[in-house]
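We call the chains A, B, C, D and E, going by the order they appear; numbering starts again at 1 in every chain.
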Amino acid sequence: MRRRSAPGTAPGTLIPDPAAQRPTIHYWRYDREHCEEQQNCAPEKLEPPQSASEVVWVDVVGLGDSALVQRIGERFGFHPLALEDVVNVHQRPKVENYDDHLYVVVRMANYDGQGAETEQVSMFHAPGLVLTFQERPGDCFEPVRERIRRAKGRLRGMAGDYLLYALIDSVVDGYFPLLERHGDSLETIEQQIITDPSSECIEQLHSLRRELLALRRAIWPTRDMLAALLREEPGFVSDATRLYLRDVHDHTVQLIDIVETYREITAGLIEAYLSSLSTKLNEVMKVLTLMATFFLPLTFITSLYGMNFDRGSPWNMPELGWRLGYPFALSVMMIAAGALLYFFWRKGWFKG
Amino acid sequence: MRRRSAPGTAPGTLIPDPAAQRPTIHYWRYDREHCEEQQNCAPEKLEPPQSASEVVWVDVVGLGDSALVQRIGERFGFHPLALEDVVNVHQRPKVENYDDHLYVVVRMANYDGQGAETEQVSMFHAPGLVLTFQERPGDCFEPVRERIRRAKGRLRGMAGDYLLYALIDSVVDGYFPLLERHGDSLETIEQQIITDPSSECIEQLHSLRRELLALRRAIWPTRDMLAALLREEPGFVSDATRLYLRDVHDHTVQLIDIVETYREITAGLIEAYLSSLSTKLNEVMKVLTLMATFFLPLTFITSLYGMNFDRGSPWNMPELGWRLGYPFALSVMMIAAGALLYFFWRKGWFKG
Amino acid sequence: MRRRSAPGTAPGTLIPDPAAQRPTIHYWRYDREHCEEQQNCAPEKLEPPQSASEVVWVDVVGLGDSALVQRIGERFGFHPLALEDVVNVHQRPKVENYDDHLYVVVRMANYDGQGAETEQVSMFHAPGLVLTFQERPGDCFEPVRERIRRAKGRLRGMAGDYLLYALIDSVVDGYFPLLERHGDSLETIEQQIITDPSSECIEQLHSLRRELLALRRAIWPTRDMLAALLREEPGFVSDATRLYLRDVHDHTVQLIDIVETYREITAGLIEAYLSSLSTKLNEVMKVLTLMATFFLPLTFITSLYGMNFDRGSPWNMPELGWRLGYPFALSVMMIAAGALLYFFWRKGWFKG
Amino acid sequence: MRRRSAPGTAPGTLIPDPAAQRPTIHYWRYDREHCEEQQNCAPEKLEPPQSASEVVWVDVVGLGDSALVQRIGERFGFHPLALEDVVNVHQRPKVENYDDHLYVVVRMANYDGQGAETEQVSMFHAPGLVLTFQERPGDCFEPVRERIRRAKGRLRGMAGDYLLYALIDSVVDGYFPLLERHGDSLETIEQQIITDPSSECIEQLHSLRRELLALRRAIWPTRDMLAALLREEPGFVSDATRLYLRDVHDHTVQLIDIVETYREITAGLIEAYLSSLSTKLNEVMKVLTLMATFFLPLTFITSLYGMNFDRGSPWNMPELGWRLGYPFALSVMMIAAGALLYFFWRKGWFKG
Amino acid sequence: MRRRSAPGTAPGTLIPDPAAQRPTIHYWRYDREHCEEQQNCAPEKLEPPQSASEVVWVDVVGLGDSALVQRIGERFGFHPLALEDVVNVHQRPKVENYDDHLYVVVRMANYDGQGAETEQVSMFHAPGLVLTFQERPGDCFEPVRERIRRAKGRLRGMAGDYLLYALIDSVVDGYFPLLERHGDSLETIEQQIITDPSSECIEQLHSLRRELLALRRAIWPTRDMLAALLREEPGFVSDATRLYLRDVHDHTVQLIDIVETYREITAGLIEAYLSSLSTKLNEVMKVLTLMATFFLPLTFITSLYGMNFDRGSPWNMPELGWRLGYPFALSVMMIAAGALLYFFWRKGWFKG
């Protein structure tokens, strides 16, 4: 499930996933007036910000070249343990304070919305600098890039912590469409369970439950991470940005609320399905018991008079010789049937 | 399920729900002696309070015009993040302190009492000023309005924080009639499950459970919100009003207590229903087994003597030729039946 | 379920329950040497304590006259919110500090021990003064009254806080006999479930569970109330009395412990009942399957030789003409039966 | 279940259990050099320690004489509330600080290991003094007594708090053998459930669950008691002894860990038993359905040709007159049987 | 289950497990420049570090000689309670501060990965010194030894606390491969339950659940132990090493996350299996009921006309004499069959 270095290996050893993509580097440098964007920037050209008002954003997509990751990390002085986590892509969302830089891990909902798979996004933040590492191309940062390019909103005029906020905000908000889809599925399944509970429903519910479990594992620690970020001393996050981070924290609380509600609804639907199964089984068994109980005695009587005892003896089945033997037998059957029907009616078996 | 701006959009962007109502504005200004009320007030006429003893209440109903919301917000200097939440009507109850104003979200139980749907009410509070945004016309504030108009109680003589309290109190107390109705349903269903458990009961229980889940999601965070409000420094809430807010907090605790009790009762009833199903299934199966076990051997015997073997051979079914063959067969059957009845009696199957 | 003023009503409005009893007032005034007791005291004669060593206890039974409640409350300067809660008899146990007096709510187990219904007892405490409001006549305070009258123990020599303790202690200890009764029921039911699980057991268990739920709702907040009382600053509760209150707190912890244990035992018994149902169903079905599987093939064979094909053709049922046809058929049946019995024995169906 | 004074009785009233044993008193006085032991000491001869290095241990076994308990308590100045708890033998483990002495309650696992019944041991500790009250003769303190007598280990050279530790340690360690026995039972039952799940297993599991519940009730508060003892100020417990108490605390954590694990295993085994029942029921029903479905159509056909319609009419059962009527009927049956077998095979019913 | 000294034994008594291995001692002494390694070192040759930059690691494998353990412990001045825990190999992971040394217990996943069995590793840490006690040969420390020998990474240049970290890190990381295996099993079982749920699945799930329970018991307290280690004052753990320990703590959080997720998935699969059983039972019963309900009435009719009433009387079974009696009987059967099929179709029984 999760590839990692062998137990006991020296910490800070970067062992890339053999299936990981080759990295490409996007470099941004902007302040309120200027904005410089460089695609496929060479690692040696990554310049830290030149003035207090400048913000540099380095966005690395693909983790296939651990030497490159190490070189970038060393250039900006990041801690080897954090770099190890960048390459080990099964981290839980967290924030780590390494005195002169913050290391933030978030998990991005697959942007094509395929399912419960999430992608690790590692972020480094030092004053004026944001560095992001993504596993794969395709992300939810395009609107942020547009806001930088077009100087929309207050992003261009704010420091690096605001960029960090904007990126985390995009990632968190990316869970909402996913959950909306799950909400729609739940409603469809609920409708089906009421009208016609099939075994497909239950399979869908079980797989939905697993996806919600996976989402929960991604979202809960995100909330804790944001709470920890809000508790950080003001070195990395200014008070103005803190208000915005509080808003993101609020969104994660909402997400957790939705996920937990969906989990409860899922559990409720599974229970509803099972109880509908039980009800149906009861009904089926009642029909069977009714039919069997009704016809078994009747068939016994008919079978009785189908015996071939020698009619020579007066003791052998004299009823067969009676003039009204057949009507007599029919009457016995009717009485038996009537008694049984009365018995069933008393038991209330004809009600539902 | 919940409409929101695309992930990555700049914060503070107000995207109104296309189905939202056009807003109307009600304006109140009062102190101990005077009271001025204006329906359908134009937004540019909204005046802040003129003296320390005056209270202004602006009540906006309908969120269909985001430009208007923004204009009102800017006029009173409210934070864009809060305004975004006003229009995004799926917030959880919360309180946010923006230094010079408080932003409070509560959820109002549908005042027609239709069900688990709740309506977001956003409240802004600055000294002397209360601003409320509602989604739809129809609310539980009418008694508060009467108290302002008729100067009943101490409302007219108190500051804005007391008005805030009075509005929150109305919203919280609005949950009690709803829960009373649920309590009545529960009692009806319980009665039914004891006397005649039908599958309708279980459907009602499952839907009740979902409604209680929804209510719980609305009430739990209300309690946390009130606890946070009580912890606020005295800038916004005076000590006198704090006592009243503690009372509202107490009501939410009571509501939570009721909701959790109802949830446990609902779960208990579902379990009771299922166990009654099991009991009934057992009973039905016992009847079936009794009948089948009783008649199968008898029918076998009758069927045996219905065979047509050639009576020429003395080995073929000599019983048929016996003078007392029929009584013999009947006796065998009676003995078999008696043995089976004894077996059932020993198993205790005739008891219940 | 709970009557209360309409949402939005001004706080402090006392709306009495129309079914509530007319109040009667009992007045006590005592110190170490003297003791004065007045039944049916008129409200205007209620005197506060005259010296620091005197203790006054006003015991109001019946809440049917809200004007009287208000008058008494005003006489002693109690807060309107507390008085509202006195009349609104569905409060949870709690303690509220109104600076110059404490307001304590406890719930008294029905003293006739009828069941899970509890009665609200509201207590006000100011130095030298204890005021209690009960819903109905009949309470567990008689031993306390005796201790005052006969100057037993240290009650007469202590301040008002010790009287408050003595009353709370009586209420808390009143739950023990009730729980003992539940414990006895549980043991009876357990015995029954082991020997003869009937559907009555399960109904009793379900109703027991509801009663335990109700008790738990009364006892849990009592513990929190006592913990809050112990944390109060020493103005209202002296250090000496605090030791006694700690003892009551300890009793509530014991009560909670018992209630939770009983709840677990109840849940365990319900599960045991259901698993015994399942076991029985399995057994019943095994008997049915055994009988059906045994006789169906045999009856088929007998039925086969009961067919009436024309014996003229040599192809039609030549077995019937065999000299040993009948013994042959019987042998076939015996072999089939033996094979089936062997099959069942292999499956282990005869074991239990 | 638990005898106690009537609600409202004055606190400190000692009402002994009428079934309690007559007390016997064992008196120890020792320091590093001397050790004096007195069996059946008279209560008036109980001397407190004479010097700072002396330790006195008074061990009272049997609580049948409440006057004696009271006399001893008064002699050493113990609080009446604590003495009441000594006689009321259903206390939860706890520690209470009465300024000049500590009162500790622990519950001793029945030393004959009979089951979940525990015995209350009350301990008083003042500097140089340890007083223990046991319900019945027979305890786990013998090794401690040996250590005093033979001056083994450091016990004789330490103060009274170390003796208190040694006694608590014995009581806590007494739970381990009991739990080991439960562990063995669990393994036996698990083996049985895998090989041959009988209804006895489930009864054993249900009773085991109750015993674990009782043990848990005894052990959880013991841990809290020890944590409270560790938090006590150094007046009663020296730093050296604290290290040892931390070790006992660690043992209770281990005990809780075992109990909780056993509870989970028990729950898992009950579930495993029920799922094995379901599997078996499914199997049984498949056999029944297979047999019924196979033979019902065949028997219908044979029964069809057993009808006695008048062969005079050419419309009445001409098949009976066919030369190959019997083979034809047999073929129809074989085809039907084959079709049904194919149907079952397709459904996968022959697999297992 | 767990061998321990009898309750009441003096603390610090070392009673070795009779089955424990004879110990062998490995001795390391290194600083940045030198490294000395000694296999099977004699206990009297164990030298503490000679200078502040030296680190000594004593690794004792096998606990069969308690005298030796005691001798080593005394040589380095370790507390007897800690030494008792070394030999009592069922400790939970914990850290204990004995003023001049730390005692750390971790549990090592069996290195051959056999299953849920874990081995206790006790570690002592004093400045410049690390002492480890293992139960059995075979561990996950080989890469650490290599790092010491070859001076890889920063291990040789760091103090003893870093060695302690490196050892704990190896132990914690050793759980990952084990859990990966469990993850693979879960996926295999899930696949099987979807395609062909057999009773083997459920047995595997139940045993997996127990293993996860055991792992959880080992990992949860490891996290608490690391959190406690991180809270330790800086005497034993330097700030630099603290960063690394935080990383290990993070790994345990990840492990707990995986274990809990697996536990939820296991529970979900068990539920899925049971609901698939129910679905299958319903299906089987529907087939049975269908067949029985269909053929019972038909067989009754055929059986009816198989009766042998004396045809002499005109009242006895005149249908048999009808010219179209047989076609008439067949039609009655067809109509009955059609009606039943229609009834089943209406009930929706042919759907699935």
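Worth pointing out:
What we mean here is this: a residue touches a chain if its C-beta (ideal position, glycine included) is under 8 Å from a C-beta of that chain, and two chains touch if they have at least 3 such contacts.
Note that the structure is a prediction, hence the values are computed from the model and not measured.
Rounded to a whole number, the gap between the C-alpha centres of chain A and chain E is 24 angstrom.
Chain centres here are Cα means. That of chain B falls 39 Å from that of chain D. Looking at chain B, one finds that residues 278, 281, 285, 288, 292, 296, 299, 303, 306-308, 317 touch two or more other chains.
If you draw each protein chain as a dot and join the dots that touch, you get one closed loop, with every dot joined to exactly two others.
The chains touch one another in a closed ring; read from chain C in the direction of chain D, their sequence is C, D, E, A, B. Remark: chain C residues 140-144, 147, 152-155, 166, 169-174, 176-177, 179-180, 183-184, 194, 243-244, 246-247, 250, 253-254, 257, 261, 264-265, 268, 271-272, 275-276, 278-279, 281-282, 285-286, 288-289, 292-293, 296-297, 299-300, 303-304, 306-310, 313, 315-317, 348-349, 351-352 touch chain D in the complex. Those residues of chain C that touch chain B in the shared complex are 1-2, 4-12, 79, 81, 90-92, 94, 96, 98, 196, 198-199, 202-203, 206, 209-210, 213, 217, 270, 273-274, 277-278, 280-281, 284-285, 287-288, 291-292, 294-296, 298-299, 302-303, 305-308, 317, 319-327, 329.
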